[in-house]
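Across the two complexes that follow, subunit A remains constant while its partner is subunit B and subsequently subunit C.
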Partner chain A sequence: MIRVLAVARNTVREVVRERIVLVLAIFGAALVAASQVLSPLAMGEGKKVVTDFGLAGSSLLATLLAVFLGSSLLHKELDRRTIYAVMAKPIRRAEFLVGKFLGLWTTTGFLLAGMTLTVLAVLTVVHGETPWILFGSLLLTVMELGIVTAFVIFFSSFTTPGLTAFFTVSVIVTGNFAEQILYFGGHGDSPVLAGMTNALYWIVPHFATFNARGMVTHGIAVPPERIAFAVTYSLLYMGALLTVAGAIFERKDFR
Partner chain B sequence: MREVAPLPLLHVDGLTKVYRDPMTLKPFTAVDGLSFSLDRGEIFGLLGPNGAGKTTTIKLILGLGRPTRGSIRLDGRDPRDPAARRRLGYLPENPCFYDHLTAVEYLELTAALFGIDAQAGRRAGLALLERLGLAAHVRKPLRKFSKGMIQRLGLAQALLNAPTFLVLDEPMSGLDPIGRAEVKQILREERSRGTTILMSSHVLAETEPICDRVGIMSGGKLLEVGTISGLLATGVREWEISVESLPERPAAELRAAGHRVEPLGTRWLIRIAEGPALQRALKVLTQSEVFVNSVEPRRETLEEHFVRALSRGKAARS
Partner chain C sequence: MTQIRARVAALAPFLVAVALLAGGDLLDAVGKARFQSGGADELLYYPSGLMVRQAALGYETAAADVAWLRGIQYYGEHRLTDQKFDLIGHVMDIVADLDPAFIQPYIFGGFVLAQEMKQPERGLLLLERGRVANPENWDLVFEAGFLHYVCRHDYATASRYFTWASRLPGHPEYAERFAAFASQKAGNRGMAILLWKRVLATGNKYMQEVARRELKRLGEEEQR
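Let's look at the complex of A and B:
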């Protein structure tokens, strides 16, 4: 475990020392603050605008960071050959991948938490209300981010940064419209298409499970059983992805 | 009771690595049927020109790649087993480390990867930075390090776990003469501690004084393995007679006998190819009252042997 944590800590340092994280953090905070500007247009629903806009914006920024910074993390190690000295140490390749995953997930998770706290601060100071239920939504989004990060690591283990980003964005889009894809596939004439959409429905992660932003915007707390299901589902999904990624990476030749 | 010979630290048997071009799938044999063993406590030099297959061999020994054929046993284990790499130190060729870290942060990371606790790792790291002349740069980001400083840091991270087996890929690369002398001194100290060292190089002058045995590689094949004295022709290749001045008559006589007569600064050098001819040449010089400064035998150098082995290897392939 000490080795996994060492790789994770190094990944956090690597990501945090990239200026883009600071820029994104400032941009996120500015975005949340800017949502306050829109609240007079919402005819007394300013609190909802800030919550909805702030949570959606912070989720989007954290996801973009995970996809676009994460896609090149592993490739950079191979390209600059920093991985050689690391993999000659007594560490398993799967441990290295898990360390990279944990480092990236921690960083994006903290960025997300920071932006959610900014939303909470704006609501407290401007609207005189502290909706603690935001943390339920935050937890679900962090778990969703975990799956996205696991996909980034999975695709990085065998393909290029560009394709990693492309495949991960495709999974995010497909995963957000899983129900609709199944519905349209089932209503066509082709049994082949129906079978394919059915298979796709079961393979892609159901990101809708993690989206509780609408609920908390309307002041409804996320039920504990939904949180328990989402956490279990995401942990299993991440575990499966990282196991396959580890097996692929284990067979890789470092040239 | 019968004494059992200790297992070699490294045993490579029929090692072959074939890569395929990802586009054309055309095969390329980088390492071709390599077999050799390393005994504990020796310094072994893997010599060869660029592209000979030295770095690929090293990567396979470290478990960074899978052999296409053949086997490698590192202390009796497959090198892909992390346990086999616990007491191994590795310096890559033209090393590149995380440039977002400082020297001490990098060594802390290295210590953690070896499972050394943070305090002990930091202490060992600082001591090594001091030993390698980097004490003043402990907190400097690695992106500001020169090539020589990176090479020294590479050696520090390779020594951090007090290895029993050191693998150094071109360890003298990027170092100034003082740095090279320091590295040689460190390698001698490590050998006296009982560490086995495998180093690759294409600079023969650097390896000859410190290696116990060498292997000469070319075109992915191991052409020769042995001690330097064993590999080099033991006999005298030629004799060199050095004289202060050489009148025209004995010079012409020596040239007529087939010897090479060359001016060397203020002196003259006469090269005699065979022992019996030496006596006759000395007689000519004494009869002409030429003062002989010295008579020295010249043996084959590792460089000459290396060139000869490579051209033999090339001829065998064609």
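Let's look at the complex of A and C:
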């Protein structure tokens, strides 16, 4: 565990070096500007617009950062040959991979939390309300981000950064269509297609499980039971992905 | 023997992964029945909004805001030019597809359709759609009563809606007052003035402008 955390700590430093704090500053400035511009146009719905755009923007930015920063993380280690120095130490490859995952997830998770706090601050200052229930949605989005990060690590364990980003974005899109895939497959004439779509449904992550943005925007708190379900689901899913990624990485030829 | 052991060892992570995935899926299936309202069947009922909703990739409420802002812009543009708002119902339908709990589009869309386009039936239909999606919302029921009163001059139905609104949670005190007035003063101009004055208190400047115009008209009628 100490070895994993050491890798995670280094990964956090490496990602932070990419000046991602700038993203937070830009996001904050954009949100304040948007709230000033859009609130008067929204005909009394300014608070809703700021909340929606704030939550959607923070989730989208954190996801994109996880995909694009994460897809080159492992590749850089191989490219610069720093991985040989790490592997010379008493650490298993799978541990190294989990460390990378934890480092990336922690960084993007904190960034997401920072952006959510910015949304809260803007709502408090501009609209005079502090909807603490946004933290329920934040927690679910952090868990969703964990699955996305696990996919990034999984794909980068066997393919190039470009393909890692492409495959992960494809998974994000498919995961958001999961319910529709199941529905349309089940309502067709072909039992083969129905079987295939059913299988695809059970494999892809069900991202709708983590989407409580609409709920909190309308003032409804996310029930703790739902949070518990989503957290457990995402931990199981991440576990599955990292197990396979670790197995692949153990067999990877670094030459 | 060593070969078999190696194969089992190689397969083990995948079996663990399948077990974890199955556990997650099972949990999700149980959770879905509890937490997710409305499914793909409901979406198919509104084919025009279905594509937009799917393309939103989980950001439906933000997409609804974009559609709402576009709808307001559309209304504002046509209000200054040809006074034709043919697409307002369609835009508000899309907003409702994307975010069924967003109340203002039903109210504003219903108001424009009934008052500005002189199509109260369409306006009431939009409000009814909102009411079905938000059965506990007093505002939508009250607004339906308002349209019945000022647009359709159906005072008995208006009275029923006001009474209904006054029984829903979170209703303001004036809902009860209107419920009482509507049955006693059916067709009364004073009642219409009070109803229009209520619109002045909304945060929608376009609705406020129409209310001012109507109040002016009612005032002139009273003087004659």
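The working rule: the second predicted complex is superposed on the first by the 242 of 255 C-alpha atoms of A that agree within 3 Å, B and C clash if a C-alpha of one lies under 4 Å from a C-alpha of the other, contacts with A are read in each partner's own complex, and residues count from 1 in each chain.
Criterion: a contact is a pair of C-beta atoms (placed from the backbone, for glycine too) under 8 Å apart; a residue touches a chain by one contact, two chains touch by 3 or more.
Predicted, not measured: the structure shown is a model, and the values here were computed from it.
Undergrad: Overlay done on subunit A, so just call it for subunit B and subunit C: clash or fit.
TA: Because the two structures are overlaid on the shared chain, the partners are seen to fit without clashing.
Undergrad: Once both structures sit on top of one another, what is the angle subunit B-subunit A-subunit C taken between CA centres, to the nearest 10 degrees?
TA: 170
Undergrad: On subunit A, which partner touches more residues: subunit B or subunit C?
TA: Larger number of subunit A residues touched: C.
Undergrad: Does the superposition put A:Y237 against subunit B (first), subunit C (second), both, or neither?
TA: In the superposed model, A:Y237 contacts subunit C only, not subunit B.
Undergrad: Does subunit B (first) or subunit C (second) touch A:I2, or do both, or does neither?
TA: The answer is first: A:I2 touches subunit B but not subunit C.
Undergrad: Looking at A:I172, would you say it contacts subunit B, subunit C, both, or neither? Reply first, second, both or neither.
TA: In the superposition, A:I172 touches subunit C alone.
Undergrad: If you've got the overlay open, could you tell me the nearest Cα approach between subunit B and subunit C in whole angstrom?
TA: Scanning every C-alpha pair, the shortest subunit B to subunit C distance is 14 Å.
Undergrad: Quick check: in the complex, which residue numbers of subunit C touch subunit A?
TA: 10, 13-14, 16-18, 20-21, 23-25, 27-28, 30-32, 34-36, 39-41, 54, 57-62, 64-65, 68-69, 72-73, 99, 101-102, 104, 108, 202-206
Undergrad: Spell out the residues on subunit A that touch subunit C in their complex, using ranges where they run on.
TA: Where subunit A meets subunit C, its residues are 38, 41-45, 48-49, 52-53, 55-57, 59-60, 172-173, 176-177, 179-180, 182-184, 202-203, 206-209, 211, 213-214, 217-218, 223, 225-226, 229-230, 232-234, 236-237, 239-241, 243-244, 246-247.
Undergrad: Please name which positions on subunit A make contact with subunit B in the complex.
TA: Touching subunit B: residues 2-3, 5-7, 9-10, 13-14, 17, 80-82, 84-92, 251, 253-255 of subunit A.
Undergrad: Note which residues of subunit B are touching subunit A in the complex, please.
TA: 19, 59, 62-66, 82-83, 85-86, 88, 90, 92, 94-98, 100-101, 105, 109-110, 112-115, 154, 157, 167
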